[in-house]
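Same chain, two partners: subunit A is paired with subunit B first, then with subunit C.
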Partner chain A sequence: MSNPSHVPAPEMFQSKGMTRFLIGLISVGIISLIVVLAIGLFAPAGSPLKHQFIFSWLFAFLYFFTILIGCLFWILLHHATDSGWGIVVRRQMENLAFLVPWMLLFFIPIFLLRTELWQWITDIGKPHLTPDLKDKLAYFNLPLGPVSIPFFWVRAILYFVFFGSAAFYFRSTSIKQDSDGDPRRSIQMRGVSFLGIILFAVCTTLMAFDWMASLDYRWASTMWGVYIFAGSAGASMALIILVVFGLKGAGYLSFVNEEHYHIMGKLLFCFSIFWGYIGFSQYMLIWYGNIPEETEWFVRRNVESWNTLSTAMVVGRFFIPFLYLLFQYTKRNSKFLAAISIWVLIMHVIDTYITIMPFMHPTGVQINPLDVLCLFAIGCPLAFIFLTTLGKVSLFPSKDPRLLESLKLSN
Partner chain B sequence: MAETQVSAEKMVPFVERLPRRPLVENNRSMAWITDLIAGVPESKTPLWWFIAIAITGSIAAFGIFCILYLLFTGVGVWGNNIPVGWAFDITNFVFWIGIGHAGTLISAILLLTRQKWRTAVNRSAEAMTLFAVMCAAIFPGIHVGRIWMVWFLAPVPNPNWIWPNFRSPLMWDVFAVSTYFTVSVLFWFLGLVPDLGTLRDRAKSQVGKVVYGILALGWRGGNRQWRHYEMAYLILAGLSTPLVLSVHSTVSFDFATSVLPGWHTTIFPPYFVAGAIFGGFAMVLTLLIPARSIYKLHDVITWNHIDVMCKIILLTGLIVCYAYSMEFFVAYYGANPFERFAFINRYFGPYWWASWSMFTCNCLMPQLFWVRAFRRNIITVMFVSMCVNAGMWFERFTIFVISLHRDFLPSSWGMYYPTWVDVSTFVGTIGIFVTLFLLFVRFLPMVAISEVRSVMPEADPHHEPPVPHADTTAIEDVGEAHA
Partner chain C sequence: MTAAAAKQEPFAAIAEFASAADLYHAAEKVRDKGYRFWDVHSPFPIHGMNKAMGLGKSYLGYIIFCGGFTGFATAVCLEFIPSSFLYPLIVHGKPVSFFTVPAFFPVMFELTVLFSAFTAFFGVFVLNRLPRFHHPLFGYPSFRRVTRDAFFLVIEAVDPRFSEAGTVDFLTEIGGKEATLIYEND
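Showing the complex of A and B:
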């Protein structure tokens, strides 16, 4: 720093030079979206194709949804701990988390085709409920005389309300601070983040049970919410790293340096270990206890080619990032850090795939073109929205009271 | 720090409007800190110390008497019986092991996360860790029944053809705890070396010179020594960090690998770790607040330090509440009648008082720390810390005894009632713990002198005396009101 009491002026992202790229991006997105929705909505009810579509869609939806709420977690953590290191990259977390409300649109097909996904929805309609379902009926759908309260869907709305409004609040308050530089806003956001973390934990846990675990409603594990959170937060950090590198590559955020990479790399490292720790504990305890209603979940994933994929996850999501990021050099070098971030995002694809798809293909992994198309159908529009809204505000919180601390960061 | 490449014309002025609070208050000098901390072991032993150690020493001695009585008579002197074969022994073991977590968390994890406030409290917290682990280690040793077989707990070399059961989590526990203790001792002692050098150099008596001289391992404070020291310290911090997590995870495996409702639940490892940090921090505050008042450490262990520790208690307390709720939720959602019964019995069975004490002390009381005034009031901080200490003991009692006393078959249900030996042994370990801590504050520097000095603004080579801005005080007041 030439002068310690000076900071960079606000930077605005210019999307002018990228018009062709943006057109390409949205074209791919819209074409994939039309193709998959046409297949999904017009395929005959109960047909394997319809079934495949909605499972592929749920997989792609959850892949992006978990990453985006992970970004919200990083914002909450940042404010709650009053940290200074990440001010220069925080706006990108805010921009990413701000995509959560858009996910509501992508949730519509899931709602429309819900009976194809969740067995309990069909089972509830049957005259005789199985004891497993009867005992937990109130959680899904509480019958009250002639009417019933669909708690499952009420909760789904609450998740969107919480994640969406929290993402909106933190981004808009931070943007307001860009103009007035009022430190009271930081203090206010810190206060809100304390409550936000509690609601985040509740919503993420129940979301993990509702949308993932209840695909097999007999199965339950107290660790499940933590497991999903661990994977999401790690993958989000990988995405944040890549977005920051992308912007740096385009000539922005030149003051983000290896000190910041180092911390982001350490967080990625830490959450790879955390994922491994949580995954191992959950698996080992269920394996050791060997109670049939618990092992069912893992037996499904330890047969045929699913076993290969599950084993690959252990190596790819834990051992490789762990050994790779153990070195200081890989965390401080942008090329090395970008490579492992891409790797972690790919591993998160597999993690989500293993969570959802064994219900569709119990006999083994069967990768379908719809899986890939659904990823494009949701991912490309999200990327398009992200890039077109990126230029509206400064690329970093330019008047944050901790900005100088973040610029002067030293590990 | 890496140089940034922003050209000068793109820079705008920046006014510091939310400054960080200083770690050492009242602009104390470095020499003042050394005099304050090193002055404690150098000064004449005060009368209160003799009275205190006489009391705690007597309690400890009575505890040792109870242990000997147990060893010479047999485990029949305890209330343990079928179906509750594990009761106070394992409760106390896990309680003490849990207490021993805060020290390493403060010294290792907070070092790696660059939390500089740790320097004021790490030394005593680490010492407390060691004493807590020592108290914990007593219980597995004495609960075996046939004391002459206790060597089976230790890893026997495989060439002896006596194979420990490697599939048993109890075996893993021995490995985990002994590794943890070894690394914690090394870490603690390594951190002490520079301060022992200071004590040696300042010692007036010949005994002090010799004893501190031997312990200081030839420390001269040269550049090369500091470089090696910091490298070793960082490596040990890196080694200790996974150990903090692994020890209590392994302790939780003792229970979670079984199929007993109330024990077999997958969230146990992180839940036990969070609970251990929760209880450990409460114990740190319980010990440090009196020490801070007695030795006038107010400028080193400031209200901001206490405030941060209260927040950690609040956070870990909420994680513990999350785990309680998840256990309850999954007992309902899993729809296993035995699980459901176990959790109803926990709160409404004959031991309801233990579970509700746990819930009140661990979930409700820490919520006081949402209010800033309560985090900065000696009485409420001590009160909540005491509640958490008790609550964490009740938590273990709840998990272990209540789950065991009514399992699958009603005809084999039973009750557990502690005997006077059970209670006295536990109280005795408290005596041992406090006695060791009193010895520590008397003879060793209870705050890491060199580390506190290293986080003072003057230690920064680029330090310039700050120019206060007109708004600073106003903004800081707002900040404190909302913090």
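Showing the complex of A and C:
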């Protein structure tokens, strides 16, 4: 075991050797972005192609959005619990969460094509509302005084304001600490994270209701927000593991050792279990209760080939990571851990796909080229922004007062 | 020391160390010397001590896995044999088939957890040879301070490398104070 007694100097990421890769990445991103946006914006309104575009886009948007806010959750948890283990990897969480403000740009097509997505937006214009929509109108479109405020969109802005400003605050404070090493910043961030974790819970729950569950506004489940949170926190831990693994492979962060991987593996393991626990609890209560407006959600996801995919997701997102990560060896060996992290990220694609797409293809799974293109159109620019901004600050908080504690970590 | 006690077989050799760091480094030396039946005692857990002592991974986890699996299998048998074979009953319009399995999951989960917890609890007892009402170390007066401010290293006589004079000398050599032998009936 290496037992460093001094703090290493700040490391800066050099992107010189990967110019070609970066150009390739942004080219793929921009080409697919142009293709999908052209299809989406110029296809005639109400056509199946436009419909397909906006559903694929929402799917891809939510895939990345949930992962990025999951990274914010790990920062908040890290500060709130005053953890010492992860100081060396915390900067990567901050860098990833800092991509959230960019998601606002990718939200624009969703706003423009909102009537294609959310059925109730067109329904509330009609003279006679169904009783279930009438009761929920205050939540969807709260009238405040003389002016009718579209509460749904105000909330959407609030989510971006909260997630974006929290990501900005924690990253910039941590960077300021890189230069002055003031321990009071750590204490201040801990205080902010207490409030932040409450706001995070509120925003994530409401976001999950607004953008996913309200695709079928009759459906309600108190577990839904937790379910989305559990999946996103697990997937973002997988992404953090992969980013650290990649940086270590490129010769940076040489002091990250199997002890750090062990803890990250344990967190990935526990969030795989948590996802299974929440997903099952939600499913079993609705299945056992057998109330039509609740079961509709799961009936939709278990017709024809959706049933196969839903079953495969349960096996792939819960049973495989559970049995795989049960062993200490797989958590401590970085290659084994990176392999299951890729697997979890793929399973998160399927999870998001099953959340969104049954509304588009109620008769069975139909994978459209637009689904893949939209993933590239959002993912490649995000990866490009991440890699180009990575070199601007040190790869770890080099003057954090607890850095040495993190370096000497022992499980 | 009385003549009667001197004829007894010693239980162990014990030495006191000044600090946690001293104990840690002494443990590394004892490990490198090749002793197998020995232990350290301190008022608080010392980080990294299991590495310094060269302890392997506890195999308690494998025992717990077996316990947990037994619990799981018990739940499967107790639920499926009566509800699907002996006395199939249609409840809530749910089919009597494999697809009723979600209703059985909570019990499977609970019994897995229950059996794992019991195995862990009693497994620790068995592996540590507990319960035990007396231990020869308690006969050594200074050992009472181990819960307060003293750090001890004990090498048991069952160790093949143990020798009455040699081990005591060795403990003194690696920095132990008041290295001495402890007898079973002290």
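In this text, the second predicted complex is superposed on the first by the 401 of 411 C-alpha atoms of A that agree within 3 Å, B and C clash if a C-alpha of one lies under 4 Å from a C-alpha of the other, contacts with A are read in each partner's own complex, and residues count from 1 in each chain.
Going forward, a contact is a pair of C-beta atoms (placed from the backbone, for glycine too) under 8 Å apart; a residue touches a chain by one contact, two chains touch by 3 or more.
This one's a predicted model, so the numbers in the text were calculated from it and none came from an experiment.
Chemist: After the match on subunit A, would you call subunit B and subunit C a fit or a clash?
Modeler: They clash: once the shared chain is superposed, the two partners overlap in space.
Chemist: Tell me which partner A:Q328 touches in the superposition: subunit B (first), subunit C (second), both or neither.
Modeler: Touch status of A:Q328: second partner only.
Chemist: Report for A:Y288: first if it touches subunit B alone, second if subunit C alone, otherwise both or neither.
Modeler: A:Y288: touches subunit B and subunit C.
Chemist: Return first, second, both or neither, reflecting whether A:G191 touches subunit B, subunit C, both chains, or no partner chain.
Modeler: First partner only.
Chemist: Name the contact category of A:M223: first (subunit B only), second (subunit C only), both, or neither.
Modeler: In the superposition, A:M223 touches subunit B alone.
Chemist: Which partner, once the models are overlaid, touches more of subunit A's residues, subunit C or subunit B?
Modeler: Touching more of subunit A: B.
Chemist: Just one of 5-13, 95-103, 113-121 or 167-175 in subunit C runs into subunit B once the structures are overlaid; which is it?
Modeler: After superposing on chain A, the stretch of subunit C hitting subunit B is 113-121.
Chemist: Residues on subunit A in contact with subunit B in one complex and with subunit C in the other?
Modeler: 1, 284, 288, 290, 410
Chemist: If you look only at subunit A, which of its residues touch subunit B in the complex?
Modeler: Within the complex, subunit A touches subunit B at residues 1-3, 5-9, 131-132, 135-136, 139, 181, 183-184, 186-188, 190-191, 194, 198, 201, 205, 209, 218, 220-226, 254-255, 257-259, 273, 277-278, 281-282, 284-286, 288-291, 293, 398, 401-405, 407-411.
Chemist: Quick one: in the complex, what on subunit A touches subunit C?
Modeler: Touch list, subunit A to subunit C: 1, 280, 283-284, 287-288, 290, 326, 328, 410.
Chemist: Quick one: which bits of subunit C touch subunit A in the complex? Just the residue numbers, please.
Modeler: 47-48, 51, 57, 61, 65, 92-93, 102-103, 105-106
Chemist: Under the stated contact criterion, what part of subunit B meets subunit A in this complex?
Modeler: 1-6, 8, 10-18, 20, 114, 242, 245, 249, 253, 256-259, 264-270, 318, 322-323, 326-327, 329-330, 332-336, 370, 475, 478-479, 482-483
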